[in-house]
Structure formats: structure tokens, C-alpha cells
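There are two complexes below, and they share subunit A, which is joined by subunit B in the first and by subunit C in the second.
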Partner chain A sequence: MIYFDNAATGFPKSGRVLAAMTKAYGLCGNPGRSGHAPAIYAAEKLYECRETLAAFFGTAPERVILTPSATIALNMAIKGFAQNKVVTSSVEHNAVFRPLYSMWQRGRADLSFFDAGGTDEQIVQRFTASLEGAYTAVFIHASNVNGRILPLREMVTEAHKSGVTTIIDASQSAGHINLSVKDSGADIICIAGHKGLYGPLGTGAMLINPSFDMFAETIIEGGTGIRSLDSEMPEEYPEHFEAGTMNAPAFAALAEAVRETEEEGLGDDRIFAKLYESLKSMKNVTVHGGPEYGYDKYVPVLLFNIRKRNCDEAMTYLAARGICVRSGFHCAPLAHKALGTENGGIRVSVGRKNTLKEADVLIDEIHRIAKSVS
Partner chain B sequence: MIYFDNAATGFPKSGRVLAAMTKAYGLCGNPGRSGHAPAIYAAEKLYECRETLAAFFGTAPERVILTPSATIALNMAIKGFAQNKVVTSSVEHNAVFRPLYSMWQRGRADLSFFDAGGTDEQIVQRFTASLEGAYTAVFIHASNVNGRILPLREMVTEAHKSGVTTIIDASQSAGHINLSVKDSGADIICIAGHKGLYGPLGTGAMLINPSFDMFAETIIEGGTGIRSLDSEMPEEYPEHFEAGTMNAPAFAALAEAVRETEEEGLGDDRIFAKLYESLKSMKNVTVHGGPEYGYDKYVPVLLFNIRKRNCDEAMTYLAARGICVRSGFHCAPLAHKALGTENGGIRVSVGRKNTLKEADVLIDEIHRIAKSVS
Partner chain C sequence: MTICMNTNCIFVLSSVTYVMKAERLLASAGIYSTPVKTGEVAKVRGCGYGLALNDSGSNMVNCNKAKAIIERNGINILGVTEAKDR
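Moving on, here comes the complex of A and B:
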């Protein structure tokens, strides 16, 4: 099997990541819920994960809110901090757009969209122009549809000049490119554990900038192990956002996955380049919004279509040959609208476990479909 | 090590449950996100878990909403369905009380508490008396502090006579006693996967009665794999509530855990009886709200204190001898208030993997502390 759907989930997880989880299961009780050995071990594993993520992503351990997914982290951040006029981009994933839409429906936010196409300068300019009167900006760091990385630091700088809080969806960028809360200046960055970091499913995080001190409403309340006598969630981080039993074995494995990412590096750019160059020059194939502004401005995700071929059929053809890609809308209809791919497309997403040889096989199979088009 | 903290999390998880998870990790992509083999396998594993839970808990597979925890399931249910006057009990866990309190704070619900102490008849009577003008009732099935099982079916019957929707927190009862959505008539039952069912952490479910047809607001929105072009979450279950990547390997393991529970049965009642009889008759030991109304009205949880001994110190003493119990408030201050244990207590919670011999060791050690009290 050849797996090029790493933007959906990194595959395969490594043996050491799974071993870390299994080992933790043998020793973990419920973290923070008692003072016996398994409960303490579980709490230590959670803290180790906070420290590892904090070091990797440039924030403080207590500012690492561990969540069951990036989607839940984004919902917590958006509903906790966004209000009034909210600025967001034309290329958001439904994990950002749908929570914002639900806030708009309930009269809790007005939405203003900026065009996130074009050069970095154009993006920053349009973003800046949209900030007037805004309270919060929520936007994707790197598109899950065509891989485009938005100029995060410049955008955050402009937002802060206007007193606008920034919430970033880094689901697709974390683990693929260097990303730092402190260096970017972003107030909140939400990440997935199971994509570019190759951690287990069921892991994500909301990373809060140590300099950010706004108070958030919560969307999930429950037991916290501390301050049990209070009717409200504790005010301190991370407990303010962490209700219920935390999945200590999964976060033990996520810590291991981050260590592995540090050791292995962020992947071989040549695979992405080879795929792009081959598809771009292939007859009957159109790459949509490929890395036209330079490879350093993209995570390794390519969207394309084959003339006269339905994208789902092409995906199914490839799947039958053991090649995994994803067709359709990738939970991001806004991005497809922006790219002009209203009927969807075929997405190839490279991970650091892919090889150049796998890329060759994929290219050959796509070529086989493309050349059959009359 | 002797583990009597199964109400916090069932320990240890069995080899076959962990093997099911590890196996799934080797084959699972992102469920519902493409048509290639790993994505299809992951979707099949999710569906298998829905079917297994549906059969075990008496509902339909599409009415099994898989969640990362009972806490998240309860927040979804409470904030989705509860409004106006909400009736709840005097013994709730913070996973119910805090979400209700946050709704009250935001002006979205009025709370009315009924006394859940005494006989079944007394509980039903007081519950029924509190229903007037209510819209929703939310209450615990079995207390995580003293194990008392509330008379679910009778309470649901009374609630429905008054047109009141019922949301049940079965975190502590699922896997310990027979529980059926259909037989109880409850509208929504929320369960934890990692406690009495001995499934992995990071698993829970909201079980919806097939006859319940109210529409819920969501608290988490995001990608669903289906109906990606819509701005709102799909109306159909389970997708309405399931946003973001579902943790297919964990739910594959939960299905295995449920099968194991079916095979192994619900545990050896003699352990609970032996612990209760021994502690009840022990000098300087007070059992709070023990199974005085009959063992069949309790899940195997005991709360006690030792005269002149701080409960945390007693827990630490036991932990140093390799015995795991939990002291303090158990995230349920209301229940402690109702039991008159305002300074907390020591909780022993039995699981189906405990043995009579382990109970003997625990009894000896508690006796050692108790007899040292002058």
C-alpha cells in the first residue's frame, strides 16, 4: 500500500509511538484523581506531554491545553475568545468555519471574510484592510486543500496593531514546518496530534501564548481533580479547559511522536517537488493553486483534477491499486470555492514517511488515467 | 499492586483490548474521509463499535454518538437539549453540575434540585414533586461517591408523564449493572468507555433513544466527512454530533472491551459485600451511605472515613503499600454534602478484575490504620 493521505491522518504511526501508548496503559490510572502510583504516573505523563509540546512549539507547559482533537481545541478557542466582528479567511476548513457560522447564527459574532489568495503581500494587505472594528481574527495557517501557508507572523503583527486577538488553525502545518507560538506572536494556536506529528488519534492541543491574558468562557465543564468544591471551572490554565478524564496514554504517545518528529526532521521536500513538477507538466491534468509562490510557502499538499474524469472515480481507481489519496471537498468547501474547484478535486498529501519511489508509482498511475482521456 | 480505584478508571485494561487498538492502528486511516482501504477500515471499525454498544445498551447503531469522554457527551446532551427549568439531583458529579451551573450563569436554565437520598420510593416521590414546570431532568444513574443506583425506570416514567426529557449520567453504572436505553425509557444516556467497561481512555458515548426526536444545538462543530458543503452540522445522527477526526482505533478497542464485558459478566458481588461487612463492623471506621438498601441498589463503590485520620493521609498510607484508592471529593462536592462528608472521604471502588484476596489485604491495611487510633 502507498499512502498519500497524510493530511487526513499521518500513516503509519511508528512502532515507538504505539509502544509508548501501550506502555502507558500498563501503568496509567486516572491523572490528577488520586495520589497512588498509577494516578501519579498518568499525571506525570500528561505533564511530560505539556513540556514536550511547549518546547517544540514555543510556549509554557501550563499554556498547553491538551484536547481530544484540533476540532475541539478550535471550538474551545473560538467560542471562548471570539466575539463581535470576527475576521476569517476565504479558505477555512469546516473546523473553523462551522463554529464561526454557529456563532453568527446565534447572534454572537459577525463574520468578515478576507481573500487569502495571491502573494504574501496581497494576503497581508487584504487581511489588514479587514481588521477595522474587528475583535478577533481566526484563520488557517496552512490550507488542507492546496497547502498554501499564510504569512502568519506578518498577519499577527498587523492584527495586534489593531488590538485584534489571533486564533490560528495549525492542524495541517504542525509537524510539517517550524511553528512557534512565541516567534509568530499568535495568541492561540490549535494543532492536531495525529497528522504531521504522527501521534495517535484522539490528541490535539490549544497552545496559548504566555503573554495572552484574556479570560475565556468554556464550552466543556466537568470534573478537574482540583478545586472540586467550586461550581465553576478553575481559572488557572490548563485546568480551566480540561474537564473530565484526560487520555494520558495517548498524550504519552504524542510526546513520543513529537520527540520522533524532532529526530527525523520535517520530511523530504523532493517528493513534493517531484509530484508537482510531474503533475504540472502532465497532459489532461490541472494542478489547482500548486506551489506557484515557492515551495517554502506550502506544506506538501497538492490538489489536481484530470480532464473529463470525476475526482471520486480517480480516487477509487487509485485505491483499487493500493494507492491512498482523498477526493472531494476535504471538509473545506470555502477553499474549493476560492480555488474554483466547485466539483472538488483529488488531493495528494505527502508525509515524512513517504519515499521518492512511492511518488514514482503514484505519478505513473495518474499518468495512466490522464493519457486514457480522449 | 492492588487497585481499588476502578470508579476513576478501570485498571488494568486487558491485553485483548489493547491488542484491538494496536491492530486498528496498523490498518486505520481517517474514518469517513476517503474511499481507500485504511479510511474504509476505520469507518468499519467505528460502525462496529456503534453496533456493539447499540446491542449492549439497547438502542440503534445510528443513535450511538461516539465521544472522547462521558464529560463531553454530557456537555453535548445538556447544552443541546436542556433549557428553562432543569431538574437535577443533590448528588451529581461535576460533569453534570458544572455544565448546568454554566447554563444557569448564562441565563439559559433555572436549576431545581431534588433530594436523592433515602429509599427508591422516597427518591421517586421527591423527583416527581420537583417536575412541575420542568423541561429537562438530568441526573446520575449511580453515584460515583457511594454507589447508590437511582430507580431509573420509575423516574423516567414519571418524567415522561410530565413531558420532561431525561438525560442520564451513567458513567459509573455502565459495565457494572444491566442498563438499557429502551428498557429504561430514558431519552439520552451518557456513558464512559474506560470505567466499568474497561475500554481505553478517550472513549465515551451519548446513547439516544430511537423514540426521542428533539433537535439539538451542537457545542462542537467541524468537519464531518459528509455534507461538507453545508455551513451547519448534518441534521442526521450520529454525524450531527461527531465533528472532527473520530478516534477509530480507540473505538475498535471499546467494541472489544464491550465484548469482553459480555463474556466475563459484571463482576463478583462477594468482594463488595465482604468489604462492606468488614468496614461496617470495624472499630473507628464509618461507612457513609453504604449499601443499606440492598446490594442490588448499588454499584460496588464504598465511601468511608477513619476516626481522627485525614482521608488523604489514609490514601497515601495505603498507596505506599501498593494499594490504590481515592480520597477527597471525587469531583462530586454535592454528593459529599448530601452524605455529610464535607471534609471528603476514602473511596474504594471494585472492578471485575479484583479478587477476594485483594479485598482481604485492603481490609487488613484499613484495620491497621483504624486500630492505631487512640
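Moving on, here comes the complex of A and C:
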């Protein structure tokens, strides 16, 4: 099998990651719920994951809120911190758009969209212009549809000049490019553990800047193992946000995945470049977006369509030949609207485990479909 | 600053996360400790966790040194109790 759907989830997970999870399942009790060895071991595994993520992404361990997904992290951040006028981009994933839409429907937020297309300078300019009167800015770091990386540090700087809190969806960039809470200055960065980091499914995190001290409302309340006699959630991070039993074995494996990512490096652009150069010159194939502003401004995601071929049918054709890509709207209708791909598209997303040989096979099969178009 | 008066002190901290953090900070200074959930901890905060200095390193000097390290790193100590039931 050839797997080019790494923007959905990084695949395959390594033996090291699976071994870490299996070992933890054999030893973990409920973390933070008692003083016996299995409970303490599980708490150690959670803390180890917080430490590893904190070191990798530039924050403090207690500011790493472990979640079952980036979507839940984003919901916690958006519903906990955002209010009044919220600025967001024209290319958001539903993990950002739907919580914001829900807040707008309930009268808790007014939404203002900025156009996230064009050069970095154009994006920063439009973003800055939209900040007047805003309370929070929530935007994607790298698009899951065409891979475009937004100029994070410059945008955060502009937001802070206007006193606007920043919440970043880094689901697609974490594990692909260098990303630091501290260096970017972002107030909150939400990540997926299972995509570019190749951790287990069902892992994510909300990373809070140590200098960000705004109080957050919680969206989930319940047992935390501490202050059980209090009716309210504890104020301390991370327990303020983490109600219920945590999946300690999965987070033990996520820590291992991050260590492995550090050792293997973040990958390079050779496969991405080969795919882009081949597809953009292929007859009957249209690449939407593509790294037109330089490879350093994109994560390795390509969106394309084949003339007269429905994207789902093309995906099915490839799947039948053992090649995994994703078709449709990628949970990002705003991005497809911005790109003019209202009928969806075929997405190829490269991971660090892919090879140039696999890219050759994919290119040949796409060429076969494109050649069949009359 | 409160001075530790016992030789088997347990630092009561606000969460198991801070217990883990303090444990690592102390270990890096050569002071070894163990996360505990004892009656002494419960008296201070209801359900909670503490960090007990290990017997081998537990003396008054270490207790005060440990307290200073924990506080210097911004970790709030809710109380210091004695390990009676360890």
C-alpha cells in the first residue's frame, strides 16, 4: 500500500510508538486518581508527555493541556477565551469555523473574515485591517486543503499591538515545520498528535503561552482527582481543562512519537516538489494553489482535479490500486470556496515516511487517469 | 519563610502535575522524592497529592533546600506535613 493521506492522519505509526502504547496499557492505572503504583505510573506518563511537548513546542509542561483531538483543543480555546468580535480567515477548517459559527448563532461572538490568499505581506495587511474592535483572532497556521502556511509571527505581532488574543490551529503544521509557542508569541496553539507527529489517533493538545494569563471558562467539567470537595473546576492548569480519565497509554505513545520526530527530523520537500512539478505539467490536471510562493511557505499538501473526472471516483480508482489519497471537501468548505473548488478536489498529503519511488507510482496512476480523459 | 521542623516532610502541592514537576526539579538537585497521596495531604486540600522526600535523603537540611527549590520555580506549596504513615 502507498499512503498519501498524511494530512488526515500520519501513517503508518512506528513500532516504537505502538510499543510505547502497549507497554503503558500493561502498567497504567487511572492517572491522578490514587497513590498506588499503577496510578502514579500513569500520572508519570502524562507528565512525561507534557514535558516532551513543552520542550518541542516551547512552553511549560503545566501549560500543555492534553486533549483527545485538535478539534476539542480548539473548542476549549475558542469557547473558553473568545468573545465579542472574533477575526478569522477565509480558509478555516470546520474545527475552527463550526465552534465560531455556533458562538455567533448563540449571540456570543461577531465574526469577521479576512482573505488569507496572496503573499505574506498581503495576508498580514488584510489581517491587520480586520483587527479594529476585535477581542480574539483565531486562524489556521497551515491550510489542510492547499498547504499554505500563514505568516504566524507577523500576524501575532499585529494582533498583540491591537490587544487581540491569538488562538492558532496548528493541526497541519505541527511535526512538519518548526513551531514554537514562545517564538511565535501566540497565546494558544492547538495541535493534533496523530498527524505530522505520527502519534496515536485520539491525541491532541492545547499549548498555552506561559505569559498568557487570561482566565478561561471551561466547556467540560468533571472529576480531576484533586480538590474533589469543591464544586468548581480547579483553577490550576492543566487540570482546569482536563476532566475525566485521561488516555495515558495514548499520551505515552505521543511522547515517544515526538521523540522520534526529533530524531528523524521534519522531512524535506523533495517528494512534494516532484509531485507538484509532475502534476502541474500534466495534461487534463489542474493543481489548485500549489507552492507558488516557495516551498518554505507550504506544508506538503497538494489539491488537484482531473478534467471530467469526479474527485471521489478518482480517489476510488487510486484506492483500488493500493494508493491512499483523500477526495471531497476535507472538512474545509471555506477553503474550497476561496480556492474556487466548489466541487471539491483530490488531496495528496506527503509524510516523512513517504519515498520518491512511491511518488513515481502515484504520478503514473494519476497520469493514467488523466490520459483516459477524452 | 516557614522553616521545616520535621525530618520526613511531605510537600502538599496543588495537583499531581506540580508534584511531577517538583519531583524532577528536586532530582536534578540530587534530592530524591516520591509522589504520595496520604491522609496528611487530604487534610490540607481534600483529594490531592504530595511529594515526600525519600528516607535516604530526608533530613532537615534537604527539607529546607527542597522547599526553596520548589518555591523558586513558582510552584505553590499548600502545606508541609510529616510522613507518619509511610
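In this text, the second predicted complex is superposed on the first by the 374 of 374 C-alpha atoms of A that agree within 3 Å, B and C clash if a C-alpha of one lies under 4 Å from a C-alpha of the other, contacts with A are read in each partner's own complex, and residues count from 1 in each chain.
The rule is simple: a residue touches a chain if its C-beta (ideal position, glycine included) is under 8 Å from a C-beta of that chain, and two chains touch if they have at least 3 such contacts.
Small disclaimer: the values here were computed from a predicted structure and weren't measured.
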Touched partner set for A:262, first subunit B, second subunit C, both or neither: neither
Partner chain in contact with A:132 - subunit B first, subunit C second, else both or neither: neither
Partner chain(s) touched by A:218 [first = subunit B, second = subunit C, both, neither]: first
Per-residue touch tally on subunit A - higher for subunit B or for subunit C: B
Touching partner for A:8 - first (subunit B), second (subunit C), both, neither: first
Partner chain(s) touched by A:47 [first = subunit B, second = subunit C, both, neither]: second
First, second, both or neither for A:244, with subunit B first and subunit C second: first
First, second, both or neither for A:183, with subunit B first and subunit C second: neither
Touched partner set for A:228, first subunit B, second subunit C, both or neither: both
Touched partner set for A:292, first subunit B, second subunit C, both or neither: neither
Doubly contacted residues of subunit A, that is, touched by subunit B and again by subunit C: 34-35, 224-225, 228-229
Residue numbers on subunit C that touch subunit A, as the complex places them: 14-21, 24, 35-38, 45-49
Residue ranges of subunit A touching subunit C (in the complex, touch as defined): 31-32, 34-35, 40, 43-44, 46-47, 50-51, 61-62, 224-230, 234, 236, 238-239
Subunit A contact footprint on subunit B (complex, rising order): 1, 3, 5, 8-9, 11-13, 18, 21-22, 25-26, 28-30, 33-39, 68-72, 74-75, 79, 93-95, 97-99, 101-102, 105, 192, 194, 200-202, 217-225, 228-229, 231-233, 243-250, 312, 315-316, 318-319, 322-333
